[in-house]
Amino acid sequence: MDTILFNLIWIIPLFTVLVGAPIPAAHPRFLKTIHAFSATTVLAIVCYLTYRVYAMSGIPADEAAAPLVLRFFTDIPWLSAFHSHYIVGADGLNMLLLALTAFIVWAGILVSWNIKGNQKIFFALIQILATSVYGVYMSFDLVLFFVFYEMEALCMYLMIACYGSGKRDYGGKKLTLTLAFGSSMILATLFGLYFEGGANSWNIMELSKTTLPMDFQMWAFPLMFMGFAVSSSLFPFHFWSPDGHSAAPTAVSMLAAGVMMKMGAYGCLRVAMFLMPEAAKIWLPYVVAFLIFNVVLGPFIAIRHKDLKYITAYSSISHLGLIFLGLAALTPIGLRGASLQMISHGFLTGLFFATIGMIYERTHTRDITEMGGIMRKMPFLGVGFVLAGFAGLGLPGFSGFIAESTIFIGAFQQDSTLTRIVTILAILSITTTAVYILQTANRMLHGPLPQKYESLTDGCLREKVVIIVLVACLLFIGICPGWISEMLDASIAPIFEKISAATQPAISGIGG
Amino acid sequence: MNLMNCLILAFILFGIGVWGLMRRRHLIGMLISIELMLNAANINFISFAYFSAHDSTAGALFSIFVIAVTACEMAIALAIIVTMYRRHKSLDADQLRDLHD
Amino acid sequence: MSSLLNMNIIIPDVLLLLFPFIVIGIRLFCDFRSKLPWRIANFGFIAIFVLLNFIPLASGEGRFLISNWKVDDFGVLMREVLMISAILGMWLSKDYFEHGADGKPQMHQIAEFIGAIAFATFGGVTVVSACDLLTFFLGLEIATIPMYALTAWNKKDQLGSEAATKYILMGSVATAFELFGFSYLYGFAGSLHFSEIQQAVAAGTSPLLWLAVLFLFCGIGFKLTLFPFYTWAPDVYEGAPTPVTAVLSVTSKATAIAFLVVLVFGPLAPVQEQIAPFIALLAGTTLFVGNLGALKQSRLRRFMAYSSIAQAGYIMVALLGPATMAKTAIIYYLFVYAVSNYLAFFVFGIIGHHREETFASLRGLSKQNPGIAIALAISMFSLAGIPPLAGFFGKFHLFFSGASTGHYAIVAFAVLNNVLALFYYLQLIKSAWVDEPDGHLTPLRLTKRQRSVIITLSIAVVIIGVLPFLSNNIFAGFNY
Amino acid sequence: MINDITLSYLIFLCPLLTFVVNGLFVGNKNAKAAAVIAVALNGISALSAIIVAFHYFASDYAPQKAVLFEYTFIPFAGDLVAKIGMLVDPLSVMMLVVVTFISLMVNIYSIGYMREDRAEGRFFALLSLFSFSMLGLVVATNLFQMFIFWELVGVSSYLLIGFWYHKNSAVSASKQAFILTRFADSFFLLGIVLVSYVVGSFDFSTINSLSMAPFKAGTVNMGLLEMSRANALILGSVLIFTGGWGKSAMFPMHIWLPNAMEGPTPVSSIIHSATMVVAGVYLVARLFPFFTICGDTLTLIMWVGAFTMVFAAVIACTQKDIKRILAYSTLSQLGYMMLALGACKIHMIVATTGWTASTFHIFTHAFFKCSLFLIAGSLIHQVHTNDLDAMGGLRKKMPVTYICALISILAISGIPPFSGFFSKDEIILAAFQGRHYVVFGLTLLTSGLTTFYMFRLFFLAFHGEPRHEGVKAGHVHEDLAMTIPIAVLAIPALASGIVGKKLFEEYFVIEKLHVPQLLKLAEAPWLPFVAVGIAVIACAIAWLLYASPKAKIQRALDATNRTSLYKVVYNKFYFDEMYYAVVRQFIFGGVARVARGFHDIVVEGLLAFAVWFTHKLGDLVRTAQAGYLPFYLGTLIVGVLIWRFFGQLPL
């Protein structure tokens, strides 16, 4: 039963598209209701299943899924021409990411309620995008994984270029092509995984049992890691994110920054590091060097920017840098921190872009120097933005703090010189984050109110609900992180075992 | 008179054909050069059939077929060139510049 | 019994051979606006396609008729591809000919047109079922010569005749190369029959063989538009009428690649290892150049020309793999490629009815007629190889086959080129979806046939890849 | 102790509840209700705090540490577990009482002070959040919990200082406060990470019972340099102190504190007396045993404290903004506390008089400083300006306030028997016993300065002729809600010294601290007399200058015809200007500009080049396609030759 529900997660959105297709454009309201309803259904299902996974923590999982601990495991032969199967399953990590996705998609659909242009196509595209993200997090067969992973390119350009604002064509192309570049790097190495390991299977669990030849790993791992890192905007492949996000419509920014950027990090952890641990141990200490840009310089660049979406994009860049810091630490705490950060940043940036979108709908500008004092006119949205800001600068009580502190502590356990330096810099750069967030909030919300904004209105019920739900998620994770850490640990343990079992000098434990 | 000479002869013919193709700007002239190249191939077949091949009829047969096929090809080519001429009123290869990037 | 079986097997071929004569003959006996030839043409083609599907696959080495006419699985599947291409081309041309598009005057002689297509198809059939060089050569010529005629079909069209001139001149040179190749191969093996050539090659190589290989690849490189023999393609594609372009881009490419498959996995199978680098080079250069050329195009057919050049490069990658994988991949890819390509060309045909076939005339399509815009987007994304559309799985098959023998470099190169490809396909999608129309849009009119075909093809492109039946069946056909 | 545990829950939950209820539900819709809720709940929490304190000190269990409750927050590896708990020992219990009591007073006071404000509900909500986070900080059982509430204190102070967010000055002041403290906190966090990495635990109990010996072995890679684990610990201790350095606004991170005066006065009073700024001192006091083993960290702390003490006192002598004077006096008093903690280190051994004295001073200082701010607030509320120019002659109009002010000022000047005397006397004694004679001298000097500027304020505000029309016209009255807390606070300001001294000497004694053994300390019975003497003299000078019949008050007040030295001091040694120069020029103008330039020019430039290059290649292909038939034919021939030579065929 649960397994069926689990597979429904990615089927329902597609089904909604089919249902929505025949509806005449004369009834946009009906259409939107259907989409909202389906999104809510998926959300409900995912929440229930997340609870189930949490509840089943003690019970031994399906043998076929060893070494991973997968619930709702499904394995059906798919494309016999290259032995590809339809393999889906859920452990703590991807279940939580699915939950995150469900929330963001739900919020995104509500946020883009009165979007300009052909609404039928827009919502259809959102649902397809949702399908692709769900699929990525569910699938454990590399072909299936990649199919879902690449699907996003189908929607992103159309959504940004047709429904966006500003330099939408440029932004859309930049984003889509850069992501495609990344995924083609991945595809190039996938074949190697299939043939070199001798497993002749795309099944991640099967592949993880084999050891790939070192000379292959040495070139394949960096290629694949960077390929995934592209979509998580790791320097030097971060350039798509500011332009892309600023051009995209609100919902797309939310989805792109909230969940799609996590797909990269997830892939790095689940595929690249899990299947090529030896190379990971050799390469990751050097990957850390890139983070100096992401984590340290990113906030500084955000300080210089005036456009809200650019600022948020750079904050995302720096936060995702922290994810990679956690991954590169190669310690259990670091990995957990990275996963926590994926989830936390998803909600956080979703909230950010949602509020920005709502404010933009009213002020019709995203230039913070032109705004001011609008806190008085729209206290609710203002508070929402400030809360997002606090979560962003890692304030205790919000999920951001949990994730960041975990990452810092985890990364500090890894005493390779470069990692240590970057960790220290990262810890010190929480100040810079505070600077740009407060500066933004103050310029935009505080100070005297300009004459032109006298007529602004506060958020309507729909918008309030979105904000409340997202804030609630942030607080929930922030205040009781214990359970989520448990779930993550359970699913990270096998990955870390594989890594630590790899024949490289082991990383140092607690206490140096 | 051995296989090598024949092959060299064929190759020379082929080269002449290429040379003509490059030099000529008149479409008919080009067609004739192409004929040369085709026939060079024929000589190859015949000579192989005569000297080396154990299945010698095949080669001879092949060359006959080739002649026939080239005849059709040339027919079509000439037809096309005629229509071309109706439009362009010229047979200069350099004039064919309407289709380009 | 076996002879009877053989008779059954070649029925479609025989029909296909007789078919053009029938159609054209009927055309002679009735006035040019009667629907009869057209109906018969439809019936005939579809009948042949259906018959082909009755031929059982997984039939081992294939069955020989008179010792040099072989019907094996690859042959049958290729026949199906060619027939699909022929049928779609016929339908495409029907509406197109009602009134010539893209500023070209109206055309008649649909029957002869279909006849020509049928001849071309039969040429392809001959190529895939040939067992000796002679049949092989004849097949190639039968497949090519009608194309010359088709290109110049529109007598009143200046560009058409120019294109045809370029095409036939270069084509004859290519034929000369092929003949040279054949002759050297014959000289090397001393026989025309594939099996004997294969034995000779297995026995040992000599410069003569390599010379033959060089000339053969260069000759076929012309038809397959490999680098640097592709130069005719853009001009011819642009000059020819749209349906002809479509047929060219599918049928003649299919024939050419079938030629290579037969060659590489037939006579040259023993030396596939040695010629692999050559194939890889051809593939890499071709797809790179094709992608580069398509970057800044503004005319649709020329754009499609470059894109199909690039596709040829991708197909070549598959030739690096072992026979089974390569054949699966290529057949599958050809199916997918035919469907996507024809989808695109149908859309262009409709656009061409009313406007010039340029990017500019696509503007505002998404507002004016979302359905067509979606179809266009689907076909473009499929050609760009974006999952879950069929094109992706086609490419995946190709790369899989290429990588299976460890040619990661060329596979990686091809995959990275996809980004370039995606860029120009996005350009086209942009002009259909994003750009605002300048001034008044002439309304688009679709006949029932066009609408139904477009819908069918769109659905096909979406589901072929994801639903495993096609890939699995083809694959099952090969791993006996 | 079961009911004590429930009570101790109450202590935290009441403020939190106030925050939630007022912030989410009551809000600005019904200011009255908000106020009532706030006062009632804070009252409960104060009451329960006092009860818990009584039980604790009454029980013979008294001076030992106890953990009333503890929950696992985030489990990291092994012992490294972040917990949320409640630690009970004399120090924390004392702080509990102080914090809850002060916040109750301030809440009552705010009823009057914020009466006309639009966002009264929000104010009460944030105030309670502030006290809640401070309470959490006070009872922290481990560094991690400390940091959590540390940050919460920071953010709630940000929200309160910037409470009037339509005033640009307030907004920028709050931003400055938050960012400066955040800057310090980043080092604090680094310190926590480092120490927890070396020690393997966050718990105070573990960290405080460390001894340096086992850490001599082994090294820690700090990136650029490799250091022994012992040194790493010392570095960690300095980093942790840096957190306190910023929170307690020690020089040179002091500038946010005077600027924080932009907030409503109740906020200033609660920040300066009980919450926020003493957090730094509390941190050092809490980790005292750890600091004692960490090399010369304590000495550093002492010097920082001493310098801030004098520095602030000097500035305070020249200011005219009444709240700023109090702010600088706070700085100076905090300097006292820090110094006292630092002075405990005598070469290798540790005396703990200073520790007792410092905690004692936290206790007394809270009351009189709070009342002083409240008084200043009510003055401002009457004359609607912070400037001493506009005050004067308020003695008649506000008798109660006047009395309370006198009491508090006597207390802060250290005149017996007022509370300040005892604690300050102990601090001076500690400095003397610590044999830091320079510092000792400085403390005496500063106590003189303190008396001087406090009485200057006092005389200028209450004595002399009214200089304000409102006062002249007699519009001045005493608001009940504002006067009650002042009056109530006057009592502890008066008595807490005498009462407290016994308590502190009984319970805040050294055996209970794990400190290396100590030596017999020099007694100095003559010290009080000296201190008091200096105070009296300073007081007399102030009287001469500002209150005596022939004092030239106008001349004392106008800022013109001053010596340049006075100007420098009056402008706080131009520290704000320096700060802004650094921030604007270096951070925004320098690093940020460079970073953005790097991205916009280098990264985007490379990208643009790649695109341009590809397009050029495309043009190359297209130029070949010139439609020139001979060229095409040529390509066929050339193609054969190309592949003949580059085709990798074994020809």
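To keep things simple, chains are lettered A, B, C and D as they appear, and every chain counts its residues starting from 1.
Methods note: a residue touches a chain if its C-beta (ideal position, glycine included) is under 8 Å from a C-beta of that chain, and two chains touch if they have at least 3 such contacts.
The structure presented is a predicted model; accordingly, all values stated were derived computationally and were not measured.
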Chain whose Cα mean lies nearest the overall Cα mean: A
Higher-contact pair (C-beta pairs counted), C-D versus B-D: C-D
Between subunit D and subunit C, distance of the C-alpha-averaged centres to the nearest whole Å: 78
Gap in Å, rounded to a whole number, between the CA centres of subunit B and subunit A: 64
Distance between chain centroids, defined by C-alpha means - subunit B, subunit D (Å): 96
Whole-Å gap between the CA centroids of subunit A and subunit C: 42
Set of subunit D residues in contact with two or more other chains: 622, 625, 627, 629, 633
Of all residues in subunit C, the ones touching two or more other chains: 165-166, 169, 173, 234-235
Shared interface positions of subunit A, touching two or more other chains: none
Which chain pairs touch, all of them: A-C, A-D, B-C, B-D, C-D
Complex contact set, residues of subunit C against subunit A: 325, 328-329, 332, 366-367, 370, 374, 377, 381, 386-389, 392-393, 396-397, 399-400, 403-404, 406, 408, 411-412, 415-416, 418-419, 422-423, 426, 429-430, 433-434, 468, 471-472, 474-476
Parts of subunit B lying in touch with subunit C, wherever the complex brings them together: 7, 14, 17, 21, 27, 30-31, 34, 37-38, 40-42, 44-45, 48-49, 52-55, 58-59, 61-62, 65-66, 69-70, 72-73, 76-77, 79-81, 83-84, 86-88, 96, 98-101
Of all residues in subunit D, those that touch subunit C in their complex: 614-615, 617-622, 624-625, 627, 629, 631-633, 635-636, 638-640, 642-644, 646-651
Residue numbers on subunit C that touch subunit B, as the complex places them: 132-134, 137-138, 141, 145, 148-149, 152, 155, 158-159, 161-166, 168-169, 171-173, 175-176, 179-180, 182-184, 186-187, 190-193, 196, 234-235, 238-239, 297, 302
Touching residues on subunit D, where the partner in the complex is subunit A: 72-80, 82, 144, 147-149, 151-152, 155, 158, 162, 165-166, 168, 171-172, 175, 178-179, 182-183, 185-187, 189-190, 193-194, 196-200, 218-224, 229, 587-588, 591-593, 595-596, 598-599, 603-604, 607
